[in-house]
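Below, each structure is written out as structure tokens.
What follows is a pair of complexes built around subunit A, which joins subunit B in one and subunit C in the other.
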Partner chain A sequence: MNLMKKILTAAVASAMIAGTAQAAISNNEVRIGYLADMSGTYRDLAGPNGLTALQMAIEDFGGQVHGAPIRVLSADDRNSADVASSTVRQWVERDNVDMVAGMVASSVTLAAVRILEQNDKLGIVSGSAASSITNEHCSPNHIHYVYDTYPLAHGTAQAVVQEGGDSWFILTADYAFGHALEADVEKVVLENGGRVIQKVRHPFPTSDFSSFILQAQSSGASVVALANAGSDTTNAITTAGEFGLTQSGQTLAALLLFLTDVHALGVEAAQGIQLTTGWYWDMNDETRAWSDRFMEKTGVRPTMVHAGIYSSTLHYLSAIEATGTDDTQTVRRHMMDTPINDMFAQNGIIREDGRMIHDMYLAQVKTPAESQNEWDLYNIVRTIPAEEAYRPLSESQCRLVNN
Partner chain B sequence: MMTPISENTATKRYVENALRSERRHFKIYAVLLLLALVAPFVVYPVFLMKILCFALFAVAFNLLLGYVGLLSFGHAAFLATGGYTTGYLLSTYSGFSTELAILLATAASTLLGLLFGVLAIRRQGIYFAMITLALAQLVFFFYLQSPFTGGEDGMHGIPRGALLGFIDLQNNLMMYYFVLAVFVFGFGLVRRIVHSPYGQILKAIKENEPRATSLGYNVDQYKLVAFVVSAGLAGLAGSVKTIVFQLASLNDAHWHMSGEVVLMTLLGGVGTLLGPVIGAAFVVSLEHQLAQSALGNWVNVILGIIFIVCVLTFRAGIVGEFQKFFKKNFR
Partner chain C sequence: MSMIFGVPVAVLSGQLLLGLINGAFYALLSLGLAVIFGLLKIINFSHGAFYMLGALLTVVLFNTLGVNYWMALFLAPLIVGIVGVLVEYFLLRKIANEDHIYSLLLTFGLALVIQGVLTNIYGVSGMRYAIPEVFRGGVNLGFMFLPYYRAWVIVAALVVCFGTWFMIEKTKLGSYLRAGTENSKLMQAFGINVPLLVSLTYGFGVMLAAFAGVLAAPIYSVTPVMGANILIIVFAVVVIGGMGSIIGAIVTGLAMGVIEGLTKVFYPEAASTVIFLVMVLVLLVKPAGLFGKEA
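And now, the complex of A and B:
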């Protein structure tokens, strides 16, 4: 099988040299589908602005690849696996879409990648958090690009324990996602010599966190970790802010929090929170330059997901340009063989399980005094090297990894 | 039925009218069935299957709202139970027969319907709706927490299998005709029930429950049977939907789904047989088309506006208004 692939790649490469490669692009057009939540809870972190990021990548690439035009289709998945499934099915079966980008809710992502695998098309997942996407659900047809829960939990928990936060109170959303995060955090805390004083589960979703925050305050723990996501996290942070949790000396650690969430909360409520992020707009000249262009088009600063969509699309198009084909496996192989060096990642590498590993950053939300403007939100405290951040392949349950 | 018809001219006229409308309906149904048979060659079959599954769901719901006057706000529980049961059976036991999975899933929903029904039909109006909603939320949290459903990730990669062991359902066209057959069965069953003496009593209960009681009917039992049948059909819709999409997700159990079926039924025309079908087709197509258009971000807003307009200006729904128009101008 592997030999077959090599022969195929060689054949494609020689065809390219012979100058007949144009025929290797199906329908003489590269078609990209952008699937994301455009109207619901996850709209801000990816949504319509993610489509803008995707289009920016195509424009920067010159609008065409290897002489073939690039067409973008987009759809709102409404956070429903049904909608995702029927949309992606139609894209690949009827519209001959070559690659699907975006994908936020884990149910949406899992539904979409199943169909992509059945039809041998490529999926580049940028929005989803679940680390299972490249673990038990890995496939030769998708890449998980920006982040997942493993570095979020590990990065934050490890850093906080090492800085002296040794007694933990974990507030967990009572469903599979929350349980997984909680287990990850607890493991890291114990490994680094900390201890977990109390674990409390809250129903999903919850709007009133008062009793949970009071419990956290009276627990005497030095760190309060939020193993939840989305509106649960922001509600909990708002309540913690009202009760003065961080002002009274406890550290608040959020495990899944996006720039847009922090922006919405404001530095007053969110100050001092530690979190792990895959990218921040204000890291260096390159990120700032790209973010300025992004802001010109959208009016907001990009999240790590937006930047990841831009970077992954460029990487995908470069692979097509280099191989002269949009054949899924050839392109994926080339994407894996080429390290990613752009404004999003330095030496990012796509592993055989489809996980793109790159440096992650431990950030702390600025205080109102430090923050210069409404988007000046994080202090980057520490860089977490890629190998340390992501789940090592030796622990992988992925069927593509020989363990 | 014991009264000699010839003696009563009013009854005679009623029967004649009924027969005439029966013949006219037959023509409409024949045309619609013909359209449904050729549709997959024009429209994308998976999209059509989605419409059919939701149409069956809405038809089941309408049996309760349109003909007994009970507004259930918990029908998502039955849809999800059908879906998850099918998904669990087909993905856990490889080679499990598809038709048996559908039957067992329908049975599971029917059983759940019996449980809900026994508790809920004792109350009317808003209390009935609230009890069904509360029970459905219990079921939602059960599916959210149970390990076998995959929580919010859902169940994925459920095999479609082969019908009767030799019709390959992986083929979208085969799958479509199978879904169509299931839909026709469900629709036919509801039609039969509505036009049966039992259906007449249901309508009587809807119009005036104390009077039906005073005539000696055990109202609660009639309502319970209707509730159970409706739940079973909703489960059947969920089961088939799971096989079509090869996944079962938490969306099916969410109260949004219970709301969506109310929307479909009201838009199409509550208390008409074809109303829910048209309503489901309308809502599903609108969501599908809008999701991929430039107006994608506005799906919920647009659906909301349409719903408000519908409730304010044409309360009988699309089919209901059409029937009124037809009666006024052509009879």
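And now, the complex of A and C:
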């Protein structure tokens, strides 16, 4: 009888252990949803090649985590918050997706992370720029990984003001990202003793910038800042060149430029432009080695977003491996407790507001004489230390931060 | 400096000129749409794709074969025109007697296919095409710096627009065209090859789009999606001008360019909306459009 009792107890106990081990990875599978603009204005900076970066991370991790297979779903958000909402809702409610990666247009991201929070799933934002994502819109369910408007403004705007550009004309893309960037830039300009003469908001997307460039020219500002992204920025830079904006003594400052934008513009048109980036493919042996593998698969050099998607996915999978669960809060806690050291970041730390802070770089586009090949585009002028680059927690409006 | 509503007159005149230049693009594109709708009753939703093809061909022909701008100005529209004739012959002709909605859906689907395939090949970051040597630089007009190329755009567009209007409204060929669509049986009885006329008209309409595309290549970033962005605006222009009205398309195109340009000064946030606002107002007051004939 006593023996029987012991056997039964042991059986129940082992069943419970087995049970919890199984339940640790929900559905016995880790499911990652990749959400990005796959066909529109922001396709090239993340898009299908971002999915390749994500799959590279999974391959490098061995194809499975803690014994469970990894499945990837992907969708085109078409830069629409509505499409993003319905996709993410379907993913978390029907397909049991554990983590959503990618996310580019800030308006899309804000819509997606709201649904992730309602369902307690994780979002790792790599493409978006708005600093509000981890400020007033922070949540315990998302991480902002690659960059945001705060370092963009601090890196580039500060450099330009210190070089003597004291009166600013800001041309802003009229949506969440543009507004956030405009606000961050204005703050930096004022703090450094400059002033903002005029702010103009253009519809997103705009193909003809001649009218805005003309307004910038007649404003008399010494700096014309572009608080927009993607083809809006490249179109504006081309038009500025056509209308002789820089020849007439005004400085052009593009606040967000991706490698793919500079590549599209060409060094001839883009030479000398200063920009802030979170990563560049040609920084050291590690970045070059990864970029070569990426280029073999895609035919292009990776942007900071591509590298960030790869790095953040590895970091996420490592956290599942270490904790043995895909439970959102356990994984997020472990990701925050573990510094990130890979080809993307050195001593990268995820703060309590969800912001991953790491060193940023002030870069300058090479001249045609300096550039050795079509992707040899940047000189790194200055490394901006992580603590200086990102909004300090003491200024945070995030509800997760005790201020 | 004298001011109008707080904006210096010099700035305003610059914006008016730029508006006119943008309007020239709208005019060229809506003219092609109006010709195709007016004569063939086809709502051509692939017009934007043909505009994009014109621009893309200009860049690709230059990059691969070294074809220069002037050659491209003839070659690209010609190639696109031939594609247009083939589309009409093999696809649109099959549904010529069906409701308008069929041609709308067919051309819309076609545009998505062309755009999707080319996006896969070329990406969306955009390709650059250098402004031709003779048009480098510009002239200072006192109130603005006018790049020579923009001046050329408006001249070229107006010449082509006027030529098209003249051909359709004032020449014998034009009268055949108009008669052929009015009563094709009677025209065929007179020994005129109406199906050929129809094919050529469609080809000509999309040639106009491709021509606008070539003009756009040096100043806008050339991407497979550039046509989709402009198409809806151009449709609004055609509706405002009166579906199928040739002169309506030209005048409205220029006028909408100017209105959009002024909006960019006074309330830039609404620049992408203002044309649709005008469309709503025009439809309420004059449902057939400004130059349209009441049915």
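Definition applied: the second predicted complex is superposed on the first by the 315 of 403 C-alpha atoms of A that agree within 3 Å, B and C clash if a C-alpha of one lies under 4 Å from a C-alpha of the other, contacts with A are read in each partner's own complex, and residues count from 1 in each chain.
In this text, a contact is a pair of C-beta atoms (placed from the backbone, for glycine too) under 8 Å apart; a residue touches a chain by one contact, two chains touch by 3 or more.
What you are looking at is a predicted structure, and each value in this text was computed from that prediction instead of being measured.
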In the superposed arrangement, which partner chain does A:111 touch: subunit B (first), subunit C (second), both, or neither? first
State whether A:174 touches subunit B only (first), subunit C only (second), both chains, or neither. both
Once chain A of both complexes is superposed, is A:147 in touch with subunit B (first), subunit C (second), both, or neither? neither
Which holds for A:75: it touches subunit B only (first), subunit C only (second), both, or neither? first
Touched partner set for A:269, first subunit B, second subunit C, both or neither: second
Which of subunit B and subunit C A:39 touches, first, second, both or neither: both
Is A:132 contacted by the first partner subunit B, the second partner subunit C, both or neither? first
Per the definitions at the top, what is the overlap between the subunit A residues touching subunit B and those touching subunit C? 39, 43, 174
Going by the contact rule set out above, which residues of subunit A touch subunit B in the complex? 38-39, 43, 47-48, 73-83, 85-87, 89-90, 93-94, 105-107, 110-111, 114, 130, 132, 137, 174-177, 204
Where on subunit C does subunit A make contact in their complex? 8, 10-11, 14-15, 18-19, 21-22, 116, 119, 123-128, 131, 137-138, 144-145, 147, 149-150, 219-221, 223, 225-226, 229-230, 261, 264-265, 268-273
Which residues of subunit B touch subunit A once you look at their complex with the stated criterion? 44, 46-47, 50, 144-145, 147, 150-154, 156-157, 172, 241, 245-247, 249-252, 287-288, 290-292, 296-300
What residues of subunit A sit close enough to touch subunit C in their complex? 39-41, 43-44, 174, 200-203, 205-208, 210-212, 214-215, 217-218, 230-231, 234-235, 238-239, 242-244, 248, 260-261, 263-266, 269
